[in-house]
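First subunit A sits with subunit B, and in the next complex the same chain sits with subunit C.
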Partner chain A sequence: MSEIKKIKNLKEFSTSADRFEGANLLCPGCAHSIIVREVLNATNDDLILAASTGCLEVCTAVYPYTSWDASWIHIGFENGSTAVAGAEAMYKALKTKGRLKQPDRVPKFVAFGGDGATYDIGFQWISGCFERGHNMMYVCLDNEVYANTGGQRSSSTPIGASATTTPAGSVSYGEKKNKKDMVAIMAAHGAPYVAQVAPNKWKDMVAKIQKGFAAEGPVFINAMSACTTEWKFAPEDTIAISDLATDSLVFPLYEIINGTELNITYRPKNIIPVRDYLGAQGRFKHLFKKEYSYLIDEWQTRVDAKWEQLQRREEARV
Partner chain B sequence: MADTMELRDIEVWDGNMAAAQALRQVQVDVVAAYPITPSTPIVEGYATYKANGYVDGEFVMVESEHAAMSGCIGAAAAGGRVATATSSQGFALMVETLYSASGMRLPIILNVVNRAIGAPLNVNGDHSDMYMGRDSGWIQLDAYNPQHAYDLNFIAFKVAEDHDVRLPAMVHQDGFMTSHTAQGVHTLTDEAAYGFVGEFQPMNDMLDLDHPVTHGVQTEEDWHFEHKARQQHALMTAVIPKIEAAFAEFEKLSGRKYNLVETHQMEDAEMAVICMGTSVETAMEVVDELRAQGIKAGVVGIRVFRPWPLEQLAEVLKNVKAIGTLDRSSPHGTVGMLYNEIAGTLFNCDTKAVLNNYIYGLGGRDLTKAHVVGIFNDLKANVDAGKLTTPLQQYIGLRGPKLSFF
Partner chain C sequence: MEKAGWDGFEIGAMLRTFDGAIQNIATTLPEDRAYSQSSSFTASVADWRIEKPLFNKDYCIDCQFCWVFCPDMSIISRDKKMIGIDFDHCKGCGICVEVCPTNPKSLLMFPEQKDEESALVEWPKKVKKEKEDEVGEE
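Here is the complex of A and B:
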């Protein structure tokens, strides 16, 4: 039986037994490690983990060290999903054949990937895993940029962000395309559970991870991961930036069950302007030039429209 | 529990059916696969056995060959018997993960039904995909007919899964010429076949929940070299003796004898052709006819392509005076692979054979007995002259003006 871990407060969380060690090479202030701890801490069950090439992978499994106290595999940039799906298939085969070493224990299968590995290069692999219905959770650590390789744009990079391959310059405001709606795409696979989470809203996140672990079939979690290095804010401000993201509704928190039932899980008491979120990060600094003020207005319009759409979907139960 | 299948002593199988039956008999735990001509019937076979209760492993029908090998790697790291099949473009798409599989020391069996690689697109058999795999760190075994495709699968599992080896292995057969050509295949009983390969013994398995393992780490200039060197060392030292032992044990079981290097009429041969796949048997027929005319011709077939059986080849070639190397893949910018490998094999030996190179059979073009007779005519001239009398690299069976190089 799946075991739901009860954690009442952050103090208890911080002293909880850890299968992801603090000894890793992630940047100070990196949200990845917060998210990973929150995911792994949501269950006491055994875990079989995978990671795609990216910040998390290169910072946690540098031979002869490992930060993982659970079985973990990395193959390449695009196939973390399929790596864990293969392990899940082997689990099923050995279960059928009565060859599991610990037949009474039911491990959870979880793959982590950045937005590059998820929205771009690994998209096909993830889609395949979800279509086939593996019993696995895929967690996208969405920092909206190829951070591991130095800040190139991905299809998760939002309009107006300056990335190294879409730099802001004298005649450019940076990224020209809006972020791909990966949550909607994954929900459209008919997955039993899809959710967007943020590490600052840890209770919401843990509840969603636990719902995901309880679901039968593939689960997609899009986790906002504020990147001190590429978003350009001070390392101690990760949670403050995350609060701006969720409270401005740039990253609305919601879940979609079976591809149809949408629930908003966090409604900010005071919705703050998108301008405040953008203004706190160096990657959007150039938008505050006079000639680009229209872009900030467009940002606000887009975020408002998305929030409106989410509420309409929630109300209509679609 | 999977049902057993009663086989006749001799079944009429093509190479694909032979390979599929071998995968059934060793009871592969996970097959992750993507269809591609001409290898598709192998994984269709596994799916059909599963649909009818003859296997109880998992068949994961993925969305690309890259995903097929990715899934195989995840499954193998989890700890069980894993196999798949592919050809050509699919093999090319898989290449990144082939290096991962070998670098992670995972015993996966890949049946490669050799096919040309486009452009131009071509579904027929040549060795382009097999050659593409040769630096990937896999063991590569080469079948010349459906019987070999069947037998070499058992050898591949036994060697790859040995804890002293822990390297993936490919079993190659020629697209259509072997894969779709039915012949009599001597079978093993299900019990004998499974008994030969044995129960899978996991090592560093992710599913051993009491002993977590980290697979697929990062190494830079501090450790990468040691990993790769140990992998190469295992390939070059551990694998050949294990293959020889497996061949010997298999001979006891089946009466069929395999060798690292297959030879035909080589004992007193003055000249030899060296080739792979179905061409070996074509060359053997020609040699028998030439022998009837008193011509001292012989054939050397590469059975184990990787690791390259350097010493064994040097031994069988030590007395020949002319060697024709036949490559069924365009070397694109140099001489053929077999020319280079054989030259390298013989360079520090006393053998002073005249060596030349033929590119043949690309995209499934036939190699006829008449072609092979022509090659031996060239070799005879080289023997008589004691030096190269032909261009170093020629094409066999090519339409239009004669092309040659060097």
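Here is the complex of A and C:
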């Protein structure tokens, strides 16, 4: 087995040699890229990567350029998961037949997909990969919207967000359905490791990615990806918005091992009101009108209830 | 490699990031890599910027927040020290400035045409938070 890369602190992490390149076409301040860097730099092992259609894929493979310094494959919107699963199955077959040219080099298999690709369109494919038990990591870049095609809602879009297919206006407050709990769904597959991460908490992220790489079997990572364009905030504020998300517990950070052992990995010292998170983004601006203020209270109640539930699960080990 | 037009690009073709083989990419820094014309590393997005970050090493504590949070691999750190900015790949987002914890900041945004020397001369001094009445809400 390959060694786990030593990353004691940020200084040590900063000696990493990125395998993801600039002059890609992601927006200035895009969190997808920060997440990809933290994931790839968590290991020195060879990488076999795939991406589903979406901002990350479209912006990093524009002919005649690629921004990837590793084997990288793109097929379609729905099948980043199975592209990597196929490569992993072939690797296993070659290994069994003794046909690997460098058998001592054990690569990591990682698929990236947006929330549209993950929560909606690629869902059954991911579920199949997890049921078959491929040795792979699936990273969802969760920006809660179909960003690449102009901001349509997905089943990850939270209540009250204005999206182009659920616009807020005089007759609607925007999205009406609650966000799908994808982390719980993936944990219910009995996967050895499932976690929610956020790029502002880089150390928590790296620890979880390394645990995921060390696990045998399919690993699911839901990575919060604050989108300057669709969430409507200034590009320099990506990390500040991410801090608001983790410190208001809108995006709690936790892991679930073998489908049952839930551990909360970040407890904010000062929990901030959900209102502060919502107020920092244009997609929730209309909620601050008088007639919709009840929705902000409901938001807070939902976030409190989820936090309560996570703590209960952590305690009960179920 | 000769650059092919869109109609000269065969279906299923593979783009190679490097000219020749690199044994361990993960431990080979950009200056030691032979990037091919197919790598976006050889392209520039400098013309995306209206403002650019400039670096004042006098105040830098090498915390590496700018390095880890730069979305565009444009903070150059070597041997645990921040040494500069890659202006071919920096998109001018301003994240590095926002996350820089020093007082005054070691990174600040300036108009694209600003020269570094005069920026360093004009660099603000340490801000005493309580006494400044213009300082708004945190």
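Please note the rule applied: the second predicted complex is superposed on the first by the 310 of 318 C-alpha atoms of A that agree within 3 Å, B and C clash if a C-alpha of one lies under 4 Å from a C-alpha of the other, contacts with A are read in each partner's own complex, and residues count from 1 in each chain.
Assume a contact is a pair of C-beta atoms (placed from the backbone, for glycine too) under 8 Å apart; a residue touches a chain by one contact, two chains touch by 3 or more.
Quick caveat: nothing in here was measured; it's all calculated off a predicted structure.
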>> So in the superposed three-chain picture, is A:Arg37 touching just subunit B, just subunit C, both, or none of them (first/second/both/neither)?
In response: second
>> Per the contact definition in the header, classify A:Lys177: touching subunit B only (first), subunit C only (second), both, or neither.
In response: neither
> Touching A:Trp68, do we find subunit B (first), subunit C (second), both, or neither?
Replying inline: both
> Just subunit B (first), just subunit C (second), both, or neither: which does A:Glu57 touch?
Replying inline: first
> Between subunit B (first) and subunit C (second), which, if any, makes contact with A:Arg132: first, second, both or neither?
Replying inline: first
> Taking the superposition as given, does A:Tyr91 touch the first partner, subunit B, the second, subunit C, both, or neither?
Replying inline: first
>> Looking at A:Gly22, would you say it contacts subunit B, subunit C, both, or neither? Reply first, second, both or neither.
In response: second
>> After overlaying the two complexes on chain A, where does the subunit B footprint on subunit A coincide with the subunit C footprint?
In response: 46, 62-64, 66, 68-70
> Inside the complex, what are the residues of subunit C that reach subunit A?
Replying inline: 3-4, 6, 9, 15, 17-18, 24-30, 33, 37-45, 48, 62-65, 67-74, 77, 79-80, 86, 88-95, 97-99
>> For a test of understanding, state which residues of subunit A touch subunit B in their complex under the given definition.
In response: 46, 48, 50, 57-58, 61-64, 66, 68-76, 78-79, 82-94, 96-97, 99-102, 105, 107, 124-125, 127-128, 131-132
> Can you list the subunit A residues touching subunit C in their complex?
Replying inline: 10-34, 37-38, 43-46, 60, 62-70, 199-200, 202, 234-240
> What residues of subunit B sit close enough to touch subunit A in their complex?
Replying inline: 29-30, 32, 56-58, 60-64, 66-67, 70-80, 82, 96-97, 100, 104, 205-210, 212-220, 223, 227
